[in-house]
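In the two complexes below, chain A is the common chain; its partner is chain B in one and chain C in the other.
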Partner chain A sequence: MKKLLNTVYITTEGASLRKDGKNLVAEVDGAERARVPFHMLSSLVLFGAIYVSPALIGACAASGITIVLLDRAGRFQARVEGPVSGNVLLRRAQYRVSDAPTEIVRSLVVGKIANQRAVLMRALRDHGAGFAVERRAAIENVVDRLAHIIARAERKDDSTDAMRGSEGEAAHLYFSVFDDLILSPASELRWRGRSRRPPLDPINALLSFLYALLTHDCRSAAEAVGLDPAVGFLHRDRPGRPSLALDLMEELRPVLADRLALSLINRQQLQASDFVTEDSGAVRIKDDARKVVLTAWQERKKDERLHPFLDEKAPLGLVPYLQAQMLARHLRGDIDAYPPWFWK
Partner chain B sequence: MLVLVTYDVNTIEGDGKARLRAVAKACRDFGQRVQFSVFEIEVDPAQWTRLKARLEAIIDPKHDSLRYYHLGANWQRKVEHVGAKPAADLGGTLIV
Partner chain C sequence: MEDEASALMEEREPIPLSALQHAVYCLRQAALIHLERLWEENRFTAEGHVLHVAADKPGGRRVRGVRRVTALAIGSPRLGIAGVADLVEFRAEGDHEIAFPVEYKRGKPKPHRADEVQLCAQALCLEDMTAQAVPAGALFYAETKRRVEVAFDSDLRALTMSTIDALRDVFASRHTPLPTQQRSRCRACSLAGLCKPQIAGRAVRDWRRRTVDRMLTERI
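And then the complex of A and B:
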């Protein structure tokens, strides 16, 4: 089997990267922090202001190592790639599979529903004693039904459309008890169903904002591994829509965005007064509160979780990159299936 | 696969110091230095052939020696480190 090559992530601003012999050397404040031979690497992902020596850029291009530049917030800026690139093959594989994406869609849907279920179970574990009996029963009921949907989606004979249906059904169930997870007594901060473009209440405004941040990360992740962010599997192609980024995002949404939104509200880091309703009816987060959200988002991304497939701890912020990499490996035929990311 | 390369280069005979530097450089291009004169090198068979040829072209076999320890693909359980300067896991998650 082909060896899976590694990726180096440089997140320390002011770090400098240089070439030494056939090694990549990463230095911070003049001290060597990492030294990796080129033959073990497939890409470098750099966040923010990182210096890369011209000799290193040349050497990476020659040895088929992709350099990806992201800004401090993790948004995609540029990719430096050498002349011999696996990209066209990877993209072709992506396009081919996107015509019959059943297995990947299955992984994405199962991952998403399992993580939605985990969010509910976590709420039961943390606050279960405080819930009214019938609310608690309602959440437990949804947890059970999500388990059934997962079991059904895992059955081999389901079509892609049936799985899209399962995903919708699960989302409907999940959001039907979402209000119960909000512990704030404020009547403005209630959940009455998803609304977007524009979001019509504070919770929807907050979710939309977090989903936008997550979409950027997933889009960067897709581009970072050389996938076409516009060609998705679960999401059908539509001009201008980053369907693959949205696909990658699905399994991360409940954990990275929904949980964070709930924490911000339940810990009262955000109050009803942090939102404004515009004349159009659209609800927007005030600028000061937006900083609170961004800070919490960045902190959240630093939280480490065990990656179930790689069996290694990784910060949540790197999970989109790791998942995009798994997807690329699967499309290249290095691994048999796309392993979803499960939150425990 | 992981190969442990150790060497002894006689720095008194001829251009020994230059040979020593060249051997170290060749090893460093492919792996990581875990102790003086000891390198852990993770390579595929083709890369190993290339490195081996390069090393053996450098040394003077009358005065210098190389030892290769082949630890195979599942070397993780065969290597244990105690004390200062633990080796980095180059296959693990690399974040600076």
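And then the complex of A and C:
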């Protein structure tokens, strides 16, 4: 199987990156801080003002290593990449199916809601005894209602738009009990509903940051197998939006991002003081805390899980690639549907 | 009408000779590489590249009545195939020369005929280009460092023609066939990770339905 290669995140502003032989070298104030061989790397993600030498850009393009530039808050700015892995037949199939994507959307929606439900059930198993009766009842109620929505999406011959509606309904239910999953007593770290662009509280800032990392991985996965990341199924086309990356991300969000956010807060690896509120009311993670998040993210990606359809163990970080690959195999006619990734 | 058809034949992209060898091994492998443009470097293919560096420099020299030409571009518009021969020896035979293709291969002689078919296709090209019969050629294996002489008999010619036909159908339909049933070939295949032979043809919808049904009966 494909190896899980590393993503290197550079968060120190003013750092400079250069090529030395077959290595990436990171320097801060002229002192070498890191050295990574190219063959261990799948991508470079840079936050804020980082200098990259032209020779390094060339070497990355030649080795299939993508360079992604984000601003300090983690918002996407640009990406640099070499020749696109090309398969015009696959892309044509993707475009054709995107006009009538019902079956793919069904898999994505069923997979996502099943994983949201699994997150809630896991919380009940792990912490249920400590929950107040009404909290426990509220979560159990959502678990049951999500089960109904999953059964409906799987069993009923719903239209694509009806399934998009189910996805929204499930998200609303899931986030209605999300606050119950937060064990921290800090009043700043409560969940009062989703806010983004900008996130208005620490939990939303953390989720937005993790979703950005996951989007980047899903986009790279789509491109690695030759799919067009801009043409989605669940997400409709919108110029500049990586709709397919967002599609691939949906079923992974609850497990890779939401659960990681909860455990960072619940284990008090992050505190209210790790976030700053800007004049606009926008909340962002402080630079030092961002390193904590990135380290946890990289560690989480190494966790191995049984892939339910392939029936083999794979690190979580490889799941976006495997899912993109199976989507490609479905579009090329090898299998009659896209198999969702169900978390167990 | 006939002119139009033959004009179309000329326009058509020729089938690469190297694809024939893949197609004998597994038609899906040939489709994944040449139709879908998937390619995964592994140890075997990397060694193949190193081996070919020596043979890929075009040139020629004469040794004892044999003119040796390396990296010779060959093709047959009639059959719709083209490629590059590692080495062709032109052996003096009275007032003319007989072509004798030699293909360099990593490893050792194999239990299947993929290498022989690729070599035979070179012979068919050389026959069309030189208007002379090409009765034999050789495979040189790096691991054993031996030449294995191959006679282009009617069996091998028939297998080569049927492989060309099968590959042409795949390219025309643009459809990637299912994996070979000979799973020992999958284990030795550099493309297995991209091909995913274990999932092709599986009923995903049934699997999804069963998984959902089981999941929804599980309680907390």
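Operating definition for what follows: the second predicted complex is superposed on the first by the 257 of 344 C-alpha atoms of A that agree within 3 Å, B and C clash if a C-alpha of one lies under 4 Å from a C-alpha of the other, contacts with A are read in each partner's own complex, and residues count from 1 in each chain.
The rule is simple: contacts are C-beta pairs under 8 Å (C-beta built on N, C-alpha and C of every residue); 3 or more make two chains touch, one makes a residue touch a chain.
Since the model is a prediction, treat every value here as computed from it, not as a measurement.
S.K.: With both complexes overlaid on chain A, does A:Ala34 touch chain B (first), chain C (second), both or neither?
M.R.: first
S.K.: In the superposed arrangement, does A:Phe342 touch chain B (first), chain C (second), both or neither?
M.R.: second
S.K.: A:Asn87 contacts which: chain B (first), chain C (second), both, neither?
M.R.: second
S.K.: Answer with first, second, both or neither: which of chain B and chain C does A:Gly14 touch in the superposed model?
M.R.: In the superposition, A:Gly14 touches no partner, neither chain B nor chain C.
S.K.: I'd like to know which partner A:Gly193 touches here: chain B for first, chain C for second, both or neither.
M.R.: Once the two structures are laid over each other on A, A:Gly193 reaches no partner at all.
S.K.: Of the two partners chain B and chain C, indicate the one touching more residues belonging to chain A.
M.R.: The partner that reaches more residues of chain A in the superposed model: C.
S.K.: Using the superposition on chain A described above, determine whether A:Val110 touches chain B (first), chain C (second), both, or neither.
M.R.: second
S.K.: Regarding the shared-chain residue A:Gly168, is it in contact with chain B (first), chain C (second), both, or neither?
M.R.: A:Gly168: touches no partner chain.
S.K.: Based on the A-chain superposition described above, do chain B and chain C contact any of the same residues on chain A, and if so which?
M.R.: Shared contact residues on chain A (touching chain B in one complex, chain C in the other): 310.
S.K.: Hey, which residues of chain A end up touching chain B in the complex?
M.R.: Touch list, chain A to chain B: 3, 6-12, 15, 21-23, 26, 28, 33-37, 39-40, 310, 312-315, 318.
S.K.: Hey, which residues of chain B end up touching chain A in the complex?
M.R.: 25, 28-32, 42-44, 47, 88, 90-96
S.K.: Touching chain A in the complex: which residues of chain C?
M.R.: Interface residues on chain C, with respect to chain A: 35-38, 174-176, 178, 193-194, 196, 198-205, 207-209, 211-212, 215-216, 220.
S.K.: Write out the stretch or stretches of chain A touching chain C in their complex.
M.R.: It is residues 1-2, 85-87, 89-90, 103, 107, 110, 114, 121, 124-125, 128, 140, 143, 147, 150-151, 154, 226, 308-310, 325-326, 329-330, 332-340, 342 of chain A that touch chain C.
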